[in-house]
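Note that chain A is present in both complexes that follow, paired respectively with chain B and with chain C.
Let's turn to the complex of A and B:
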């Protein structure tokens, strides 16, 4: 993807375009299959396992990894860390795309996607944590859309609309943090209703807190991870302010991630102590739990700290990627691995290849749209006609 | 899951619950829901069950479910452990039992007093009726399947094979028939009275009497009396309930209470987070303002210092220039005076020379050099 096909006006057969094209084509076929034949035709879902990777990955991981938007905008606009200003727009963009794709993925997962507005317009099930998730995701997607709109408005040359939106920045940021706090934690709280199905090492009343804190970790790590990829593939699109952040963002966000990971490790230990589930650590599930908590929480906390102390940007970047993987492991554990642990192996779930295919399709779609936008709109650079806001 | 922590979550939730969930503010109060008065229930005495599968057949007929692959008269399927499916609201499973032969246990929706499915549904598709049944409304169902995640008894099933109108499928306790004054299909078809339909309070009394009268025949426990806050299906067994596939580790907490704390925290976050965040924003803004002011002040001081220094320097230079000027004037004056003196001396000398002899000129010259 060295050359910028989009701005050149005619598509070329670069390796990226070929791979993305094949994935989108296969995804399109699977989509037709899903919506004409039903869930049974493309998934391994069953009456015992009503949620598969479309919830475990597309929803739970997707929402957590899209947390970079609220983390970065809060840091810059509310906490006054103005020197990371250039990181806000890419983070808001990936946040917006992330949430948009989550909502798209839910259309595949629910049985009657055309009824997705029903919880708001037909009957409100306010006793359901899922209602809270739905309401907050819908609102936050709108907030992210408005937060990102200045970039699009600058691209379109609509100056007056842009200046109106910019006046709302602080309000939108506060709204975004409130909504993110609510739905990130509620995704964890979804599982509070099933203590008899989730393994005791993972089931704790602190699940909502854990989900919120890990979302912050995911957001910080994703900003580092994305900036690494952007500097590699889109550096020709960047202005001086963005190029200058190549090292300051990993150092600053890495330091924050080290602290939050350390705090998260402590509250994980508190959770085990409060539930007194120590004895489960000696079981097979316990070993896997230790892999998660030591390998994907304690280890990256340490590596981030070392990386920041030594100003080792490479180490920080690898740690960010490892931490993102850790978020995937955590969400998979709660939704799939440790869920239904009481069932015999024959009744457990493993995704159908077509489920994985749809998930890969949706991620690819996100990357293609991201590329389309950053090669056109002022995301990685300040628009020459406008001051930094 | 200690009591104190739940209490704590309850406190957090207490203030917000009324706003969030209105009438369901049970977590923070001493109120305990005992079920609708006079509501109906079914007592399944497994010691009477002979595994004839007539209840399965009747269920299939009255609910107009698709015909099974093997007829209901085929009892071989009993040995294989089955669960409810979208085509069978109820199944009978055979359990090893004891010396007197195998045991049979019927499985279907237990119609909880405070159902997990109803609590979990984000469109309120489930209703606990005052008659006792938990009924489902497919006309609003989105198909998220959170009810299936929530149900501790693993009862709701889904029509995964339907592309356009998939539904959650589960036992309705024959609610339409009950409203007509009929018995549920399974109860009506049972040849051994292993199933009895009646008021829940009466059935609990009957169950207790059976246990009291024949303590050797029964485990001293009525399953469903307290499980998950109580259910409208009650069970008696001659063997420990775990051995007939019924979980004894579900606890007595009604499902809605498990999420009450988290739900109660919602209005608290909505209320207090903006205050906290605005405060942080104000603080960072103030810090910036103070920093800017300090910077301006420092700049002003520096400028003033520079000014003062420049003035002093200028003054010094002026003074020096003045002095130099004065010196120069003095020198000029002196030179002028000297020149005048010299001129005068010359004139005088000339006059003297004119008066006296020429040899006196030399000493005059020496004097002038000194």
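Let's turn to the complex of A and C:
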């Protein structure tokens, strides 16, 4: 496919470019402020609330929504669902950018970027959950980079290197699944250390399981969501195979998401039962918990199922967007809303506008890089010089 | 609600409810699967 169709004839000062440019400019200024003036200048973080939206949103949500990479590659390469092959590269790219931006966002929170390798050389021991998360994220980011590299190598015309990487596909996919299982659940396990700080409705020994299952849901929904946006904005870059999967991916992934959401709903109820926290449901926090579980778990499970039964692609796509929002709500609830729930209102955390600005900056950066890559590399189409692997 | 004083009582109480819920859940998820896949052959 011709590569010039996307970029030729488009004005440089398009609305997207102007808005993205302003956000990146402001984000650049905020970045300088953060790293020269410290956390206090740009955040509302405190000793009571050391984790704000840079952890709650950029890291926890970012890692969950980047799960589409391992979910899709496992479906195609390990479970043999070859009819979803066209969805692999966009999902891997989304996952790679997601994890890369998670690591970038982490720098804003912890500062001193040169200490990034510290978990491997100066740490309290290999039983630390943070060490495990750091190790898995570092390894999985590397795996995603190698998994995505065939697209870049095809773009660069490096056939020999590409053929070597392709031989590693199955191995990399297995690594991806193992590493994702480990660190997605460990992010939930991090909160097990704070039973007195997290509201009893959200605190449960099942937190690692919940985080892993919601990551699978997030991955499935994010692939549908990302596919929807790609078909809307980059359809001119797609070949026949990608255009043909316009309906098959939402139907297949929507069906899987419906079933996993139903299973997740069950284990959420079991969690309340095992913890005997029923009485909290009658409180204000309980009402919000019910909004999360009924509105963002049970409802999308049902809507996905109806969409799949009726082959209503529009409904599935809206449900995917709703489910992605539900993942954001869930991670915010655990990290921010239900955390430190016993503190007086004056001590509770609300993000500074500059924290939100940095998060918007990082998301925008991801969108800009995604657009840069898909308009140049064979992500949404098969390179004519190569066979599909 | 009955008073829970010991871990034994707590486990007995929560497991009683959880086991009943599990039976309901297994039946429910089976029904949901049938609802989800009912029109697969269409």
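FYI, the second predicted complex is superposed on the first by the 375 of 389 C-alpha atoms of A that agree within 3 Å, B and C clash if a C-alpha of one lies under 4 Å from a C-alpha of the other, contacts with A are read in each partner's own complex, and residues count from 1 in each chain.
One rule holds in what follows: a contact is a pair of C-beta atoms (placed from the backbone, for glycine too) under 8 Å apart; a residue touches a chain by one contact, two chains touch by 3 or more.
What you see is a predicted model; the values in this text were computed from it and never measured.
Novice: A:50 contacts which: chain B (first), chain C (second), both, neither?
Specialist: In the superposed model, A:50 contacts chain B only, not chain C.
Novice: Applying the touch criterion given at the start, work out whether A:127 contacts chain B, chain C, both or neither, answering first, second, both or neither.
Specialist: A:127 sits against chain B, while chain C stays out of touch.
Novice: Chain B or chain C: which reaches more residues on chain A?
Specialist: Chain A has more residues touched by B than by the other partner.
Novice: According to the stated criteria, A:274 is in contact with first (chain B), second (chain C), both, or neither; which is it?
Specialist: both
Novice: Determine, under the contact definition given at the top, whether A:28 touches first (chain B), second (chain C), both, or neither.
Specialist: neither
Novice: Let me test your reading of the model: by the given contact rule, A:157 touches which partner, first (chain B), second (chain C), both or neither?
Specialist: A:157 sits against neither chain B nor chain C.
Novice: A:266 contacts which: chain B (first), chain C (second), both, neither?
Specialist: A:266 contacts chain C only, not chain B.
Novice: Which partner chains sit in contact with A:208 here, chain B, chain C, both or neither? Use first/second/both/neither.
Specialist: In the superposition, A:208 contacts chain B only.
Novice: Examine A:258 and indicate which partner it touches, taking first as chain B and second as chain C; both and neither are also allowed.
Specialist: After superposing on A, A:258 lies in contact with chain C but is clear of chain B.
Novice: Do any residues of chain A touch both chain B and chain C, and if so, which are they?
Specialist: Touching chain B and chain C on chain A: residues 274-275.
Novice: Provide the residue numbers of chain A that touch chain B in the complex, in ascending order.
Specialist: Touching chain B from chain A are residues 35-40, 43, 45-48, 50-51, 74, 77-80, 109-113, 115-116, 118-119, 122-132, 134, 170, 173-174, 177-178, 181-182, 185-186, 189-197, 205, 208, 274-275.
Novice: Write out the stretch or stretches of chain B touching chain A in their complex.
Specialist: Within the complex, chain B contacts chain A at residues 1-2, 5-6, 9, 20-22, 24, 83-86, 116, 118-125, 140-146, 148-150, 152, 154, 156-167, 247, 249-251, 255-256, 258-259, 261-263, 265-266, 269-270, 273-274, 277-278, 280-281, 284-285, 287-288.
Novice: Taking the touch rule as given, give the residues of chain A at its contact with chain C in the complex, in rising order.
Specialist: Chain A residues touching chain C: 255, 258-259, 262-263, 266, 269-270, 273-276, 301, 305, 308-310.
Novice: Help me check something: in the complex, which residues belonging to chain C touch chain A?
Specialist: Within the complex, chain C touches chain A at residues 4, 10, 13-14, 17-18, 21-22, 25, 28-29, 32-33, 35-39.
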